[in-house]
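Read through the structures below before going on.
Two complexes follow with subunit A in common, the first pairing it with subunit B and the second with subunit C.
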Partner chain A sequence: MFLILPALWTLYLGLTDYRLTGAAAAHPRIVGVDDYRQALGDKDVRDALGRTLLFVFGSAIVGQNLLGFLLAWSLRSARAWVRAAVETAVLLAWILPGVVVAWLWIAFLKDQGGTLNAILRTPGHDWWFEHPMGALIVFNTWRGTAFSMMLFSAALSNVPRSQLESARLAGARGWQQLRDVVLPNIRGHILTNTLLISLWTFNDFTPYLITKGEPHGASAVLPVYIYLTALPGGRLGFAGALSLTMLLINLLLALAYVRILRRRA
Partner chain B sequence: MRVALEAVTKVYDGDVRALDELSLEIADGEFFVLLGPSGCGKTTLLRTIAGLETATSGTVRIGERDVTRLPPGDRDVAMVFQDYALFPHMTVADNIAYPLRLKKVPRAERRAKAADTAARLSLGPYLDHRPAQLSGGQQQRVALARAMATRPTVFLLDEPLSNLDARLRLEARTFLKKLQHDLGVTTVFVTHDQAEALALADRIAVMEDGRVRQIGTPREVFQRPANIFVAGFIGSTPMNLLEGECVPGDGDPTGSWTDEIDVAGLRLPVPEEATGLVGPGDKIIAGFRPEYVREAEDGIEGRVEIVENLGTTSLVTLATTGPSVQLTVPEEREPAIGTTLRVAPQPGRTLLYHADDGDLIDDS
Partner chain C sequence: MTAVRTVLRRIGFYVLLSLVTAFFALPMLWLVTAPFTRHPTFAVTWPDFTLANFRALTDSPDALSSLYNSAALSLSTMLLTVAAAALAAYALSKVRVPGRGAILYLLLLLSSVITGTAVMVPIFQLMFRLRLLDHDLGVILVLTGGLLPAAIFILTDFMDTMPRLQEESARVFGANSLQVFGHVVLPNVRPGLATIAVWAVVNVWGDFLVPFLLYRSPDKRPAAVTLNTFYTEGGRPDLALISTFSLLYSVPMVIMFLFVSRRYGFRLHGGITA
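For the complex of A and B:
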């Protein structure tokens, strides 16, 4: 219910030229698939989509996956207290409310009195302005790594010890054990993890809390772009069409994933 | 190649002493079996030879080389794990050839060697199968093949037969013995099954609590267990161990007397190898196998309590006034439950142990 009603409403909006103000607000016309056609042809939309893909690729597929795996891998043989400390720190980044972490990162990367500038002795450098996407990718990697780390920790502890030892006895070095035993054993987990974090990152709205899409939309990933189109922009019909497109992309990703899982089983 | 352990101690996590100053020597080409109850340190010992565990103190030698601190990959040993540890995502051929691949053997040669080894273990038709498509016995042979393919100097096997059903296990046992004989490679085999140990071993080390309690050929260990621990552990039917005492004998017409043993009212002569080592008043434990117990008019009296069919013989348990006594009887000669029997060990089949430390009393 909670999902279907708004979804239908969005679908309806997408078929109209509904606007927040003006004549079209009182009497929305059905413009059919025009909104959708326009959405796919629009350069701004394509740019936003490109930024989103970069965001997903950089912070989820590469960033969180890799960092999460590296943390899980190196914590395997760490002392109990080191492990506990790192896990707590990483988890904290994950469970803190979005508003809080947004402020933390704004403060961290601020041009005047920002912590990073103090550390690097580069006063006045405005990270958010000069590298908006880069900063967002670093931010989201930091924020979301906990999930990957925990998932990979569980996966690694399930890799049969005797297989690793067999490889060691055959003379396998660390990276060979990784390639020949560990990765093949956790392939399913890597897949699951990649899909979940991709979906979350794809739909993530936290960037709005930090950059509001600034400067000039250079950090407006798709959800932010849609929001800006709908509310300040007032083009609800167009935003609805975009939302539905996003929904479809999500659906396609999930379906692809289910198919791959089926084939593996 | 020869394997020698000198005073090897392994302490886990500061307090579990899994190996305690253990020393032993395994000859080149020998089939050596480590036998003992669960938790006695067999696996730890095997893993210490393999290098998967590092000895807390002591020395491990393979051939003339001190390998105590060498990583497992440099020791030239191969191991078969209880769960076989096959790589599920690789075919049988790739599994067998994996150690060769790490040694950078060219692909064609690898493939040929794998096929060769597989054929030898009747795995020829399965080269392109995944481990999950094989039966337990076939998986076990793939594990063997992978270990064999590199021609290691020492072969380590940790209960490799324990996941097989009883019939397959017997087959695999015979097969393994023949294979080891043909290859002539030094083999260390861990088991807690004494029948398996007796069947396979050139020599057996019986372990308890991280120490070796006896080393010897299956015959030595079976016929002359060095202490009551080994006596109770070896043999498909456990040895009768009865407390008793050395007493002066009745004497003969010339007036001289010899010592005798009194167990449960039964008088037995002191075994030859113990003569002079015990005297009147010494507390002893007399051990004799159920197979060597016969009916005797002046024997220990007992009521038949349980009769267990062992196939060609039956194991009869007698309730006596002291601890119960077991004997085997030929098939179809089983006494009825509740009847009374008088039994005694056959002459010359009794072993004497010190009652205090449980060690065999003999002159060796």
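For the complex of A and C:
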């Protein structure tokens, strides 16, 4: 009930010019598909969507996937205590509450006294202001790599030893083994992982906790943009139409996932 | 020649690994140093090992009570989620509905969406109409609604692997459905129940958006929302309170994480890697 009803409600809202206050709040008018047409034609909306795609592509599909795989691959043969130490650091970044993590990254990239500036000896460089999207991508890679690392290390432990052994005997070097033996074996895991982390990143609200969409909306990914439109902005109808667009993208991603699982089954 | 190369490769490997570990560990340093520093800034400095910030925190009106609110919210949501998920998963596991797998997967995927941003506008309005804004019940229902699909998914997996034999023999001895459920089924899926209980507590404890949207009175808010309300009289973030409260708020999660990874190992298994 809490899943289906809000979805239908969104559809209805998108058809009205519902507002939080004023005359339109008492008698919402049906403005039909105007909200939807307006939403897709609006430059701000397209910008927010573009930023979201960049965010998902950079931090989930590339960042978390690659770093997660790199960690899983290199920790396979590492000593137990090295493995435990690295994994603890990566997992801690994943389990700390989002609000805390947001403050940690505000502090880490702060222009005055931030740790990164202290290390790079670039005092006064305001990373969140000058590279908001780049900083968000690095942040989210840091935040979510743990899941990919765990999933890939589970996948790598299932790659048959005999296949690796025979590839080695045939003279395959490290990266050749990787390409010819490992990757075909874990292709399904890569797909599953990519879809799940994309979905999570796409819906992530943590960017709001760090930047509130600043400067001037330059870091407003879609969830943040919807929030800013709906509550501080008071345009519930318009935000509803955007929410529905978001739900549809989610649904498409989920359907793609189910189809791929079916085909593999 | 090859020996030199091997050594060089080993060194390169550990340098790379140290860099990656530093990338993950460095942002967390502030959380350990700032709470013990007098007048902390955003910089990571060697702490003075003072407990003054903790004392200041106990004087702040909402700080400690919001931790209590978080605990109450997590526990009640966890109990409701576990109870409802156990019943639903048992039903789904007994009765074979056609297309069950696909339905479960869709629910699982959408459940990460429901407590998220895509439905925040309708959820807000639904609660407004039901007059449940600013009520614990409303927040608990929304959170449970968001957690249930994935909880059912995980538990169904556990229930499916349960041996049928015990259940049938209990029936032969005249146990009714509820007795079978309570005395045979539940003890069998205890690891599953523990998994979703821990997972529910972690999720609710860390959730910001739902309580942020649905609570109005400061004294009802959980810690996630309260953390962003510490400001000095000059309107700047009060870093002493923020860092100290962050630490107190994170410690239960870290303890739980250590407990789970000691006890069960922090590995993925079951449906998600299939």
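Methods note: the second predicted complex is superposed on the first by the 263 of 265 C-alpha atoms of A that agree within 3 Å, B and C clash if a C-alpha of one lies under 4 Å from a C-alpha of the other, contacts with A are read in each partner's own complex, and residues count from 1 in each chain.
In this section, a residue touches a chain if its C-beta (ideal position, glycine included) is under 8 Å from a C-beta of that chain, and two chains touch if they have at least 3 such contacts.
A quick note: this is a predicted structure, and the numbers were derived from the prediction, not measured.
Engineer: On subunit A, which partner touches more residues: subunit B or subunit C?
Structural biologist: C
Engineer: Classify the contacts of A:171 with the two partner chains as first (subunit B alone), second (subunit C alone), both, or neither.
Structural biologist: first
Engineer: State whether A:162 touches subunit B only (first), subunit C only (second), both chains, or neither.
Structural biologist: The answer is first: A:162 touches subunit B but not subunit C.
Engineer: Regarding the shared-chain residue A:200, is it in contact with subunit B (first), subunit C (second), both, or neither?
Structural biologist: second
Engineer: Would you pull the subunit C residues touching subunit A in the complex into a rising list?
Structural biologist: Listed in rising order, the residues are 13, 16-17, 20-21, 23-31, 34, 41-44, 102, 105-107, 109-114, 116-126, 141-142, 144-146, 149, 202, 205-206, 208-209, 213, 224, 227-228, 242-243, 246, 249-250, 253-254, 257, 261, 266-269, 272-274.
Engineer: What residues on subunit A touch subunit B, complex-wise?
Structural biologist: Touching subunit B from subunit A are residues 160, 162-163, 165-173, 176, 180-181, 184-185, 187.
Engineer: In the complex formed with subunit A, which residues of subunit B make contact?
Structural biologist: Against subunit A, the touching part of subunit B is residues 50-52, 71-74, 77-79, 81-89, 98-99, 102-103, 146, 150.
Engineer: Within the complex, which stretch of subunit A touches subunit C?
Structural biologist: Residue positions touching the partner: 1-3, 5-7, 9-10, 13, 67, 70-71, 74, 78, 82, 85-87, 89-93, 95-100, 103-108, 110, 112-116, 118-119, 142, 145, 150-151, 154-155, 189, 192, 196, 199-200, 203-205, 209, 222-224, 226-227, 230-231, 236, 239-240, 243, 246-247, 250-251, 253-255, 257-258, 261-262.
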